[in-house]
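This report concerns only the one structure given below.
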């Protein structure tokens, strides 16, 4: 129980910077020396990536900007998820439900202000912080149970969590409005940007900022002592314990961090359409999230980016295929929708057989092969 | 009291199907240490075969045989063509391949047979026999219960009384030693998949007439519940799968009947937590629980 | 750490602001563009449909029929010389996908209007977006009352009679035929079931027993057992086809004999009997309602015309209630498009529907006006006898409020040549 208070707080504080969390990490934090440069490197990378994406969004049409925004929202989720599954070795199948927790928190907070006639730019960040905190708390509860369970047994419990969303929203219809879900005021660009500023571009920027903060934080986290503890626990619990790592606490913390990211991502995902509904978070979403991080390359943040792109591509693949092929109506009807699913299923199988390390693993192998004279990159 | 009895009978008949399906999951877990997420989709595919043969020949029993045979072949095929080549760098890769297989199978079924429901006739009357005024089990429910029981007994005999069954167990539990002793471990693995898929096919044939009918997603919900049942019982224990299946069936029936149909996912989670927090390896776990 | 974070924020925002400036001109130009989706030769409209996934059975056939009807119209020269292009997007009945495909249709494909978006939970989530984009959102395929909120959603219109109208009329018939009987309600645990129950209780008062089901739980046995134990003589059911079949199958299995009175949404005989196969005899005597010509009524001139179109453009699918629904809705859309004039705009289309007055295959008039965006005003009862579903008794009309249920005596319209409206 000792972990309860501090780690819940860590979720709230996190966007300001990883330091409060690190203070709680098992063992004393490492000296600031070498880590400082890592941080700067990551920061520079984030600013560069952010600038590029912002420049890109200016060239894009509204719908493409929404796609960018969705990639960023999913990136928040996949980045935290891949740390839990890939680096800490805990298999959760319930991250769709954690996204829903964040999404519903944003909706409820925003509606609470809206009903009282309170408006302001600060409501959005506040609601996202609340989403992060609420989901981190949910992650703490699941994490405490999860720390006792392994492999398929943990998968079974989290799979049951993944199916909860429709049930909860129907049982507490008064709060969550059943299967119809909740709507809240849509986010509009500030007047400073001009009357004709594309609203979708503004959404893309919000999502981008959330994704950059998440990835930046996680990138530092996995390079830290905590990151090493995560991997140590994954590789060998007994050895980790012998090395003085508090295994259960590390696992619970990993779940909390991962859940917080999923909550933030879910919150941003809700903001993009200003709606939440249980149907948006079915069991399939949880399974697709898992596919995304494994296909992307488990345990790597670059893989999480691949995964996020893949999730959005999956959502848009059906319409793309429908438009590309115009077939006679009888055949077309059988293929419509089904063709996209078949293609995606095949891609999953082929990638897993051809590149067991996922897309990121494949890319790395390729790069390594291209410059064989250099030493293998990192770890 | 009548309501309780009525719900008990209902729970037993659905639980029997979950038990059969959970059994299929346990078989693969024991043979290959994989939770086969494609089990549901594979069972649906074989059920399509079964009902196509049944309507072509006019005999349910020929169809049932065809489905089980198709299950054997499909299981062996999936192991030989796919699972064998999945790298073991990461145990999740097999799960992802299985999920890819789910999408592929469901899409192909949709393309070939259409996404609509197809009627699935039951071989026996589905009207319940009344027992002291309470609608109890129908002849079809009795057939389901009987069939599952026979499969459990046959599997128990296979694993404990036949040389091939002993070899399969040895190959699963100690592959290196078995190989040294001359057991063809890779063939045993294929056999394990084939056997599990055949049991899954039987479960599919049993469950389809009780639901909405045959369609590509017919087993999605059943898979989730059966997975729960297998986990509750303990993935290593066939007896656990049967007990877990019946238990989950009963609890779902009581919860649906007394608390309403919306609350079942919550009840499933509570059951899982209640069982696993006390016994992290399921009710019938023989191995010692891992202490953290 | 904090100053660093602030620095990124500042840097990113600054860059973004800088980068935003040149983009403004483009956006302004886009906003000035007029009548999206309409050219001299084409009108592009779109829809979201569950072509795959658990809701696909049955419902995926509606858009196929609508598309076939437009092909038929296009082959005869289109509407005012413009061919109708109907973009059907699969959303798998998942609201997240619905939001995506509708945004793609409106923002990317620049459709003129949406037509027949299917489903309550799916379409509810795009209402706000559709409103801000001012896209005509015609004839949502669901009987929810959500589409009838002209103050909040001025461009959205329903088409089929809403579930409350249906519930009131079914209950009126039950009250006449089964005076004093124990009447119970079985419904889906969402707006469909609730709106239907509200209509039923407006007429009958509180029902003797009510049970619900949820689409993710196929165990309807306990609910049916409870209705049996309550001694229900009549069950009014607001259920989708799969669950109508499950519930009636359970009732038969439990020896529970009651009169089933089923909402139109879940009572298409072709769909139900396909699902039940050999067990379809349990449907004998089932009472339901409809507002379109019955597919088995081969003497009906509308059915004859639609069958011709079906055989030519949609032969891969069975002709059933879903197909008739798709044809009839497409017919109403062509009427609305004609009423919007030679050079239709989004505003003119919305005004044309509000003006209403369309008569076509439907048995009753529409309720459309500036204040009401609800569709058909009533239904007629039908019954399954000897393996055929046929109308009986009078047609009734009412509203979803407190208006009385009244008989409607006007004769149905006859189809124009080729079943293509001319005005």
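Going by the order they are written in, the chains are A, B and C; count residues from 1 in each one.
As a working rule, a residue touches a chain if its C-beta (ideal position, glycine included) is under 8 Å from a C-beta of that chain, and two chains touch if they have at least 3 such contacts.
Heads up on the chains, UniProt names are B = Amino acid/amide ABC transporter membrane protein 1, HAAT family.
Given the structure is predicted, the values throughout are model-derived calculations rather than measurements.
Ranked by distance of CA centroids from chain A, the top chain is C. When the C-beta pairs in contact are tallied for B-C and for A-C, the bigger tally goes to A-C.
If you average the Cα atoms of chain A and of chain B, the two centres end up 32 Å apart.
Chain A and chain C, compared by their mean Cα positions, are separated by 36 Å. For chain C, the set of residues touching two or more other chains reads 51-53, 56, 60, 189, 214, 216. The multi-chain contact residues of chain B, meaning those touching 2 or more other chains, are 107, 110, 115, 262, 264-265.
In chain A, the positions touching at least two other chains are 163, 166, 170, 337-338, 340-341.
Contacts from chain C toward chain B in the complex involve residues 51-54, 56-58, 60, 189, 212-214, 216-223, 225-226, 228-229, 242-243, 245-246, 249, 252-255, 274-279. Across the interface of their complex, chain C is touched by residues 2-3, 6-7, 10, 14, 107, 110, 115-121, 126-128, 130, 135, 138, 210-213, 215, 217, 220-221, 252-253, 256-257, 260-262, 264-265 of chain B.
Residue ranges of chain A in contact with chain C, taken from their complex: 15-19, 39, 43, 46-47, 50-51, 54-55, 58, 61-64, 66, 70, 163, 166, 170, 178-181, 183, 186, 192-194, 196-198, 200-201, 205, 209, 212-213, 216, 273-275, 277, 279-282, 284-285, 315-316, 318-319, 322-323, 329-331, 333, 336-338, 340-341. Within the complex, the chain A residues that touch chain B are 85, 91, 145, 147-153, 155-157, 159-161, 163-164, 166-168, 170-171, 237, 247-248, 283, 287, 290-291, 294-295, 298, 334-335, 337-342, 344-349, 352-353, 356-357. On chain C, the positions that touch chain A within their shared complex are 1-2, 4-5, 8-9, 11-12, 15-17, 19-20, 22-24, 27-28, 31, 51-53, 56, 60, 64, 67-68, 87-90, 92-97, 99-101, 103-104, 107-108, 120-122, 124-125, 128-129, 132, 146, 189-191, 214, 216, 313-317.
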